[in-house]
Structure formats: structure tokens, C-alpha cells
């Protein structure tokens, strides 16, 4: 197989994802974990670019990297001090969790590699913003108006809920 | 209909008073509540008198026979086509008579209570309960069918219970209420079984059907026998058991003396004049069945009544508590009535006993209510129930004294007072029916005179005791009922009962048999003399007598140890030999099984609960491991 | 592919480079070489633009404050910033005790890489457009939203309370104003009907969007200018590094080249928002055309697109510098009130108005 | 196409590893925020799978695309609420260690 730039890019992103996701869950400094998570998410956005889902990549960058991770980092800034390091995980817990995770991973990967996926022969659809926008508000067979509205209600609820939960109550001394 | 529809108002008005005072009474001034209750009952009383006049003298009689008139009826529970429970109003001689008794005494008690209960806590509640009682009692006497009677019978029991334990912060009152309730409930069980038995075989609850002579349903039921006795007899005996419970016949009398814990007007109304004669009324109501179908049951009634009257009279001779004396006197007098019914036949002059029993019921209601109200007046003045703390009260309580004396003379059977007439009729009836019972009653008449005058002399004569304050006459509102009842006690005997209340509704000629009358008057006067001799002057005669008849005195003083017998039976025998093994079984077998389950569950949960640590990560770990194991085993077994 | 070079259209030139490289080596290496060329070019561009923005700021500042400004190194002090850069490169890098070294070192790179990434989607001239993504505007937004992470990391890992407070303020401010920037851009995207920057530029052939969209476009432009100034942490919104209060904000503890990175990234961010504004509102490299005036349009076409682009961006940057040296600094509560109570609601309504206008065809244009 | 020449399984393997890294973090971490980060990893790997299947198996459809779009939206909402809760917990307990947050008072 001829090596192309695609392979190079994919290898870069895949390596980033694998290394940094493992570092995310094993590092003992919380902000490092968040940073590694950010790198994982950026690399994932890269994968989306490679899959030609540019809009999804943009959403990934905006919402995940620019939104959720920033939120997480903010909460870390509010709740942790730089001198804090996590206790090392107990060997028993670490051992069994690692065993379960590795076993699961091996199982899934073998299954994926053994399975023969059947692709459709239909022509690929060119995904541009117009199509996405129209599908999002369409009520046809391939329309997503209902989930879109439901999500909007969910987001409103989450927004109100977050405000209510985090609102500082008047401390009664 | 017959123009008696308004009679339905007689019970309804007290019920409305009960609702009114019971629901909003606590917001009224006590005096207003008393006024409302009294007014309501006054209206009922007036209606009752109108009914009585209309019935007896205007429209009740057809062809010389008083008819049973259904003034009002509504089907309440349709059980089957034939068997249904109605609610209604039936008017016949005995119900009209009872109407007069109940409303009169109740009205008197209402008026009296306005003075007696003044300033008591729960004054409004008291009047509400009085209203409830009046309603229930009137409903009972007007019942058109046996089941309606049963319902009101229980209502009467409830109001009695409520009024006995009126002072609910007094442990003895609460205990007395409980005792009355339990004993009468036990008796009512018999009543209910009797009702079910009778209605099962006769397919009806209706009094009119049941008590018409030669009723085919009864005849058919009488043909069925069980263990050597006709079903009707068994049913009647069971029903009499209910009546005996309510009327405090031996051996179910034990609740009545304790019931004196209630306020005295209550004792006068419920436990002397009205409710306790419900048993007599029941027998009278079912009298045609008793007399025509089941003479055996009637004999039982007679002997129970006779024994009870003697038994209670003996106890009354030695009691110290003024109200208890009256209570045992009541038991004794009710025994009289029962006996009178028991010795009666059906129709014409044979029904003399029936007439006499009802007659005595009527007169007794008047003078016994008078006695109780008088006793209330005395207690009101002295603040004690005990005779030993009374004496020489005639100077302080002139009106009470005179009226009380009239009542004593009446109950002792002094001629030309009402008691003389009714008692004399009973003795006559007994004499013609059964000589043993006659002599028993004869003795009881003497004892009655003795203990009543023992009471009278002890209280009103003799020397003064140490009173907390000088006793004073009760206010007019209390003495007015006394005077009215004294008047009634004197003149009630002149009502021609033999023309009005008879077993078959037709009038007959009743006359005084001079020998018997003379004998009874004689023994009555003897009793009075003995009492005068023993208690008029402070002597040691009573003490001597007590030592002479030491055992009799002791037994009598302790009420023949009836309460102890009950306690022995219940505590020693039933508890030890039935309840304890049952309890043991319950505790060690039934409960143990359940406890075992509980223990096993508990044990298992205790050991399992550590799994529920609340730590989501542990759950997740178990979940993931489980999924992995499942998938791996699936792969191993099915994917080869 | 023959060699062609035109100042008006770079398409032929870039295609010639591509063809030449593919002819010389395997496709793998060809793409790799292209990447290297573009990367080196951009690095150079980046450095030059950054340095000269600093110089420009100094000059503008001096002009507004009635001073001369840098005038010793080179003519008119032209090489002043280069001298500054050399000084910074030679400075000692102070290492901080108890700091998280990894993150402390990583933070400036995150900031600079994000600004660098954003540059990739900007069209400089016809054919001079690194990547023409179909979500161009969205991409720039997404990338610039990540820059705040670097600031937060820098503040936290410095183990200094000034840095931490500065970073928190800065983060809150950037996140807040990002919304208004996005909304203003969305308003224009509604008018354009596309997120692709090349399409947006092409659609302004007749008339620039700020004129075409008249009232809502002008509103959006004003909002964009305010919000973008705030998002880049420039005065009068420079609370995060308010010298009088917080020493220097999140980069208090940085020195030497790492400080230079932050400094450079700040100016590059200004350049990026300015060029985005120029592209979306003022037609990017598109010359100024008036519908109907053919001869005028033709005259305008003679000015090269690159110059149009640089001119417009410079104009916007000048505007932002003008803000900075004219207005006094806001308080933090005023800052957040301005965003959440005024800018954001106005931009939301503005989008609706714009959508209505587009729907009814009431915009100016032929 | 940038994905030309890259087999689908390669993407899936990457996402699987990411998923189980997230699982491992979820199982071993004690800090609430790191647990949240692990959950984000898991969600992200699922997103990759949706998009990969959509691109490689059903390029004519958009279901996977929209599914992951909605997942991201929900993840954002979830993160916002979760962090609000975490901040609140921190205010009450002065810690965000899951094992120390075991009182159900306040």
C-alpha cells in the first residue's frame, strides 16, 4: 500500500488521540488532564476534517474544545489549587479497572476486525451548510425538526437549571 | 296513610339538635346550647303527646282493637325481593307509650341538666350527646322492623358509652364506659345472631308480619328444630340475651352499677328510665311470638327476671353509694317487668302480665327518674355519693326531700300511688301463673321498701354530718322537673292501662284482687317499719344485724362477688387455658415464622447492602465486568 | 502548467507551483513540500505582521498622544520592534518554582497556534487563500474560541494570584464577547447565504455587505467592532491585563520569548478579527464597486485585490487602535453588563431583522 | 478525499481505545471533574463511530452526522449542569472528591 499524506495525517491524529486519552485518565494533575482532553478533542476534530465532515469538525472545535473544555478548566480554576496532586490509584482498583478496560478493548477490536462491513453503493451526498440547515428544520423523512426542537428545549432547561443550581444562596450566618 | 306522618319528626328533631350542637356547639355560649337542646326536645315531647292523644283517643282503634300503624316507611337496603331492611315509623300502643316515657323523661333531664351541668367543661358536648341519645332511643321505639331496631339499639349503646365516659379524664369513668360497652356488645352479639336466625327462617324483618298472631312464616320456622328446641325458641332466647344485656339482667348486670360514673342526669335518663328498659321493650315488642310460639323462652324470661329482681334487691340493701343503691333498685325493678312479661299469656285477661309489665315500665320510669334526679340534687348539694356522708338533709333541701319521699313511697307500693297499682298487677299475674315467682316477688317488694327507706332515712334524717358548706336547695330549674315527676309518680297509676296497652290490642277489665293487694301493702309497710326502726335513730342495730348475718351481709355488700367471678372466668380460665396457649401459638409459631422471614431478609440485606455502596464507579465496574463476562461466554458458546 | 503570475489573480501561480512539485516528486512528497512552503511563508508573514502591528500601535499611540514615537532604530524607528524582538530572545527565561512546568510552557504555544490556525482560512487575494473551507467563518470562530484555553492555562500554571485573576477575567470576557462576535458574523452569513469565505467575498462583487445590508449590517458591524475589540482583550476592554490592578494579568510571570509569544499572538488576533471584518463587511479583497457605474467599477478593478485587502484590514486595525487610545478602561461589571444586557440582545434581534430583510429581498443590490 | 486509502477499521480502533480509556478513567478517578472528563471521552468516541459509519457505510445519508450533532449538544448541556452541580458541591463540602461527598444533608 502506498503511503500518502492522508496516512500521515491519520497517524498523527490517531497517535494524539490514543496517547492523550490515556494520559487524560492517568495523569495526577487535574489541569493537565484537562489539557490532554483538549488535545484529544482537537485531534478528533481533525479526524472529522479527514472524514470531510467540516461542519461537525467546526462544531467539535467550538462546542467541545472551545466550550466544554473551557468550562471544565474554569471549574478547575475555581475548585483546585496548583499544588494539588491526585492520590495514586490503589493498585487493586487500577489493576481490575485496567483489566476490564483492556479486555473490553481487545474484545471490541477483534470483533471490529473480524466483521465484514457492507457499504452501500449509493452515491455520496455532498454535505454543505445549506443541506444541514434544511435537514435540521425539515419535517420530511430525513428531517430533524423534532430532535432539533427537543434539543432546544433541553438546552433551555439545562441553562435555567445550571443558573439555579449555581446561584449563590444568601448565607445565613 | 293515617295522619301520623309527623311522628317521623319526633326522632328527627333531636337528631338535628345533635348535629347543630355537635358541629357548632363549641362556638356557642353553653346556655344557648342548653336552650336549643331543651327546646328541640320540648317540640318532640309536644308532638309525642299529640300522637298519643290522636292514637289512643281519636283514630287508633278499629273495631275495639288498637291497630299497628306504619306512619312512615322507606326501603333502605333491598337484600332480596322479600327480604329488605326498611327505615320507618310504626305506631302501636307500646311504641306510643314508650314515646311518652322517653320524651317526658328526656325533657325533664334536659331541663334539669341546664342547672346540674352548669359550669361543667363540655356542657355543649353533653347536650349534643343527650340529643343523640334521644334520637336513637326514639328511633328504637318507633322501629318498624327488627333490623332498624338493632341499628338504633347499637346507637343507643354508643350514646350510653359516650355519656358514661363523659368525664373522660377520670380513669374510673373511662373504665366504666368500656365495661358497659363490652358487656352490652357481648350481649348484642346474641341479639344479632337471633335476628339473623329468625330472619333467615322467616324471610322478613317486619314487626307487623312477625307479630301478627298465626303468622305463617313463624309457624313454618317453629317447625324447624335444632338440638331439641325449635329454631324460633333459640332465636328468641338469643334475642332475649341482647335484651338482658341492655336491661342488665343477671348475669349481664355488672355494667349498670359502674355506669353510675356518668353524670347523674344521664343515670336518670339512660340507666333508669329509658335505655335499660329497652330489653323489656324488646320482649314486649316480640311478645306475640314469645307467647304463642315459644312458651319455653317466655319461661326463661320470667325466671331470669325473677332471680335478677331478688338478687339485685338483696345487694341494694347493703350498698353505701346512693347511686349504686338506685342502680341495683333499677335492676331489681326491671327484673320485675321481665317477670311480668314472662308470666303473661296472650289475649284478654290472660295478657294481664303484659299489661302489668308495661304499666310498671311506665310508672317506674317516672319515679325512678325522680329518684335519680333527687339523688342528683342531693349530690349537687353535698358533693358526695356516699350515704355515710349524708344525714339530716330534710332541713336544707325541702323540695328534694318531699319529692324524694313521694318517690320512695311510690316504689314501696304504698296504696293510691302509681307504684302500688302497677306492682299489684304484676303480683296478681305472677300469683295466677307461678306460685314460686309470686313469693319471690313478694319478698322483693318488702326488700324494696326496706332499702329505699334505709336510703331515705339515712339521707334526710339522722344527724348532720360535716359538710364543706351548708347544703342548699337546688335552683328552680332543677326542682321543677322533680316536682313534675313527683306529680306524675302520684297520678300515673290512674291511667287505665288495661284499656290502652294490652297484648292483643283489645281492652280488658283489670281489677285489684284485694288479698294480694293487702298482702303486698303489708309487706311494704313492714319494710318501711324495719328501715325506720333500724335507721331512724342512731343505734347499733344495723351493725348488729350485719354481724348476725355476717356472711350474707358480706356477700351482699360485695355484690355476691359477681365482678370477681367475671374476673375469675375471664382472667383465670379464659386467659390461662385459652388465650395463653393461643398467644403462645401466635407468638412462637405464627409470629416466629414471620419473624424468621424478617430475620432472614434482614440478615441477607445486611450482608448484601455493602454492595450498594452508593459509589457509582463500583456499580459501573460491576456493570462493565458483567457485560464482558456475558459477551465472552456468548462468544465462547455460540460463535465457534 | 505554464508559469503565470498576476497580481490580480493568484490561482494560476499556485496551480503552477503544485504542478511543478508533482512533476518533480511523488504525490506524498509533493503535498509535504507544499505544506512546508505554505508553513514557512506563513511563519514569515506572521512575524512581519506581528512586528509591524506593534510598531504601528506605537506610532498611532504617539500620534494620538501628540508624541513622536519610536524614531531611533532605522528610519522613523522602523526597526524598533525588531530590536525589541532580539532583546526578548536574548532575555533570560525565568523558571518559576512550584509552577506546573509542562502547562506553563505549553500555554503560549496554544495561544500562538490557535491564532496561526485561524489565519489559514483568511482569503488574502483572489487565489491567495490557504484553505477554502465551506464553513470558513465558522472555522475562524471555532479556532479563535480555543485561544482562551491557553490564557487560562497560563494563568493557572503560573502559581500566581495576579495571573490567576487575570486569566479568569480574561476568560470570562473572551467567552462572553465571543457570542456577540459570532452573532454579528451570523447576521452577515444570513445575508450571504453561505459560510464559505470565498463565496462571501464573491457575493460582494456588486456592493460590499455593509452597504448592501444597510441598517442591520451597520448595526452588526458596530457590534462586531466592539465585541472583537473586547475579545482580543484590547483597550478599553483590557481589564485582564490591567497594569494598574493586576501587574500584567495572565502573563505576569512570563518572560523572554514566551512573553513575546503572548504579545505577538495578541496582535495577530487583532489582525485576524480585523481581516475577518474586512472580509465579511467590507468585501475582503474585492474592490469597491457601485452597481450601475461601470466605468467607476472598472477603474477600481485596476487597484490590486491584495492592496484592497491590506487597506481595509489596516483601516479596521486603525479603528481598533483609535478606540484603545481614546476611551478609558471599563469596570468589570460595566463590561459584562454591556455584553449580556445590550450587545447580545441587540444582535439577536438584529439577526431576526436581517433574516426578514433577506426573506423580503429588501437589501440593496441588483 | 482526505480519508481515501484509510480503512474504516483504523478509525474504529482509535475510537475503541478512546472509549476504553474513558471507561478506565471513569472507574478509577475520584475527582468529579475528571470523571466528567472521562464521560466526555466516552461520548466523543461514540461520536467518531457515528460519523465513521455514516461516511463509510451510508455516505448518502445524514443520520450519523445528525446523531453526533445532537450528542454534542446534549454533552454541552450535561457539562454545563454537571459543572454547576460540582461548583455547588464544592461550596458545601469544600471538596469534589466523590468519596468524601457522602452526606445527603443541606
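Letters are used for the chains, namely A, B, C and D, taken in the order the chains are written, and counting of residues starts over at 1 for each.
Just so it is clear, a contact is a pair of C-beta atoms (placed from the backbone, for glycine too) under 8 Å apart; a residue touches a chain by one contact, two chains touch by 3 or more.
Note that this is a predicted model, so its numbers are computed, not measured.
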| item | value |
| --- | --- |
| Chain pair showing more contacts of the two, A-D and A-C | A-D |
| Chain centre separation in whole Å, for chain D relative to chain C (CA means) | 32 |
| Where chain A and chain D are represented by their mean Cα positions, the distance between them in whole Å | 5 |
| Chain A and chain C, separation of their C-alpha mean positions in angstrom | 28 |
| Distance from the mean Cα position of chain C to that of chain B, given in whole angstrom | 105 |
| Of all residues in chain D, the ones touching two or more other chains | 23, 27-29 |
| Sequence positions of chain A contacting 2 or more other chains | 2, 4, 59, 67, 74, 76, 97, 100-101, 104 |
| Residues within chain B bordering two or more other chains | 621, 624 |
| Contact graph of the chains (line, ring, star, complete, other) | other |
| Complex interface listing, chain B residues touching chain A | 621, 624-625, 627-628, 631-632, 635 |
| Residue numbers on chain A that touch chain D, as the complex places them | 1-2, 4, 6-7, 9-10, 13-14, 17-18, 21-22, 24-26, 30, 33-34, 37, 40-41, 44, 47-53, 56, 59-60, 63-64, 67-68, 71-72, 74-76, 78-80, 86-87, 89, 93-94, 97-98, 100-102, 104-105, 108-109, 112-113, 117-120, 122-125, 127, 131-132, 135-136, 142, 144, 147, 151, 154-155, 157-159, 161-163, 165-166, 168 |
| Interfacial residue positions of chain A with respect to chain C in the complex | 2-5, 8, 29, 31-32, 35, 38, 42, 54-55, 57-59, 61-62, 65-67, 69-70, 73-74, 76-77, 82-83, 128-130 |
| Residue numbers on chain D that touch chain A, as the complex places them | 1-6, 8-14, 16-25, 27-31, 33-34, 36-38, 40-41, 44, 47-48, 51-52, 55-62, 65-66, 68-70, 72-81, 83-88, 90-91, 96 |
| Chain D to chain B touching residues, read off their complex | 23, 26-29, 35, 98-99, 102 |
